[in-house]
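Across the two complexes that follow, chain A remains constant while its partner is chain B and subsequently chain C.
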Partner chain A sequence: MTEIADIVLLILMIVLAVAISRMHNLFMAAMMMGIFSFLSAIIFTLLDAVDVAFTEAAVGAGVSTVLLLGTLSLTTREEKVAPKNNALALLVVLITGSALIYGTLDMPMFGDPNAPVHQHVADRYIEKSGEEMGIPNIVTSVLASYRGYDTLGEVTVIFTAGVGVILLLGYIWRKEDEQ
Partner chain B sequence: MKHQSIPRVVGKWLIPPILLFALYVQFHGDFGPGGGFQAGVIFAAAVVLYALIFGLQAAKQIVKPRIIETLVALGVLLYAGTGLISLFLGYNFLDYTALDPDSAPHGQHLGIFLVELGVGITVAAVMIAIFFAFAGRRRLR
Partner chain C sequence: MFIAAMIGILVTMALALCRALLGPTVYDRILSVNMFGTKTVLFIAVLEFLTGRPDFLDLALIYVLINFIGTLAVLKFVRYNDLGAEPEE
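So, the complex of A and B:
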């Protein structure tokens, strides 16, 4: 049953991706990107990665759509028509695409018990994290404690992104706002 | 959208549950799916929805940009500060056992709570700041 759902969702995502790339109305493209994010959130849910699905739905479908629409209100709604038959662009896309597919050939199959990720510390997290951390959600234990240093880096990346946007686009508050 | 009654009414009904849900995801992340990243984004989404319906100036009256700027840094400071406390108590950086040496799970739980709170504060503040920065720009002609 889930296989059928997976296939239907993936086909929908491919159709959407092709439709977005052929679309000249940027407003519609932004909305379609939101739907695309929702579809991938559903796929993450089917893969039992609820935390990732959560983030994808909130960031991909929610906030980034709003930011894209905000940017669109500063520019035009229609895409400038690009020169057709750009052979170089096709070549770059084909090379990148085949490199990505080549990269997936070495990856273990989904759910393969012999995958490297299941050989190292995963067993210990599943068996011990409950008593060591006192909380049942293993994802939170790994994210905030076992791999706390990585998460500190991630938060610093978000902090840097925020500071960068504030510095590039100007201060977010002005004197007249406060009155 | 200030003068359209359906978005206004729906927004008034939806924004409080969204804020409550963000707090639930934040503080229930130890037991169910979610955590600081998701909670921060959901909280920011509620503020963005408010700004879309009632206007940017109204949103800036409630969520002061000056405070948002401070919160962007405060979350990271809370996270790194939790790590520094355990460092000064003689444990490794970010080893939350230091917060309660008698009962390691309790200390870990407290540490995870603190760093997730730091993550949530920074993520929410950065998302709101980015939205304010984008929405506050005037169209160039």
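So, the complex of A and C:
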């Protein structure tokens, strides 16, 4: 049954992606991107990647719609008309796409138990993380304890980015106050 | 039973998508995007009961909240063309 759902959802995603790329109204395109994020979140849930689906819905459908609308309110709602002669762009896109598809040929099949990712440390996490960390959720104990320094680094990067944005915005506001 | 519900939700999703792409006015599209979010929540809930693991229902609840915030932002943008606008008296 989930295979049929997969196929229907992927067809909807393709239809939506083609429609978005042909839209000239950026406001409509921003809203359609929200639907696209919901569809990909469902696909992630079907693939059992619930945490990824969570992030996709929060960031893709929630925050980036708001951010795109904020950008549109500062700029314009209509797309600039592109020049007709796009043969070079089409060539670049085709080469990049075929390179990406070629890259996926070497990847193990979905759910393959012999995939490298299941051979390394996953068994230990599954068997031991409960007694070693005392946390029932394996993903949480990996993120917060086994890879604690990694997570600390990520949080530092995000914090730095946030401080940078706040400093930039504060600079603009201060200049407006002086004038 | 759950499979029938799932098929029904998928058909509704396709119809909502048609309305979002064809919809003559902005409000048709806003309503269809909002409805699509609701269908996502329903689909995830049905999927979880179908696979026998209703542990992730809180995920569906978070989706409802996100969808609400997104709809608020879209409506504010349509009404005032500015997300930071003060509401009218």
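By definition in this document, the second predicted complex is superposed on the first by the 165 of 179 C-alpha atoms of A that agree within 3 Å, B and C clash if a C-alpha of one lies under 4 Å from a C-alpha of the other, contacts with A are read in each partner's own complex, and residues count from 1 in each chain.
Throughout what follows, a contact is a pair of C-beta atoms (placed from the backbone, for glycine too) under 8 Å apart; a residue touches a chain by one contact, two chains touch by 3 or more.
All of these numbers come straight from a predicted model, not from anything done at the bench.
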Which superposed partner A:G70 touches (first chain B, second chain C, both, neither): both
Touching partner for A:A58 - first (chain B), second (chain C), both, neither: both
Touching partner for A:F159 - first (chain B), second (chain C), both, neither: first
Partner contacting more residues of chain A (chain B vs chain C): B
Touched partner set for A:I7, first chain B, second chain C, both or neither: neither
Partner chain(s) touched by A:V50 [first = chain B, second = chain C, both, neither]: both
Partner chain in contact with A:A89 - chain B first, chain C second, else both or neither: neither
First (chain B), second (chain C), both or neither touched by A:T140: first
Chain B and chain C contact sites that coincide on chain A, given as residue numbers: 50, 54, 58, 62, 66, 70, 73
Residue numbers on chain C that touch chain A, as the complex places them: 3, 6, 10, 13-14, 17, 20-21, 26, 29-30, 33, 36-37, 40, 43-44, 47, 50-51, 56, 59, 62-63, 66-67, 69-70, 73-74, 77, 81-83
Sites on chain B touched by chain A in the complex: 25, 29-35, 37-38, 41-42, 44-45, 48, 52, 57, 60, 64-66, 68-69, 72-73, 75-76, 79-80, 83, 93-94, 96, 104-106, 108-109, 111-112, 115-116, 118-119, 122-123, 125-127, 129-137, 139-140
Chain A to chain C touching residues, read off their complex: 1-2, 5, 8-9, 12, 15-16, 19, 27-28, 31-32, 34-35, 38-39, 41-42, 45-46, 50, 53-54, 57-58, 61-62, 65-66, 69-70, 72-73
Contact footprint of chain B on chain A as seen in their complex: 50-51, 54-55, 58-59, 62-63, 66-67, 70-71, 73-74, 131-137, 139-141, 143-145, 148-149, 151-152, 155-156, 158-159, 161-163, 165-166, 169-170, 172-173, 177-178
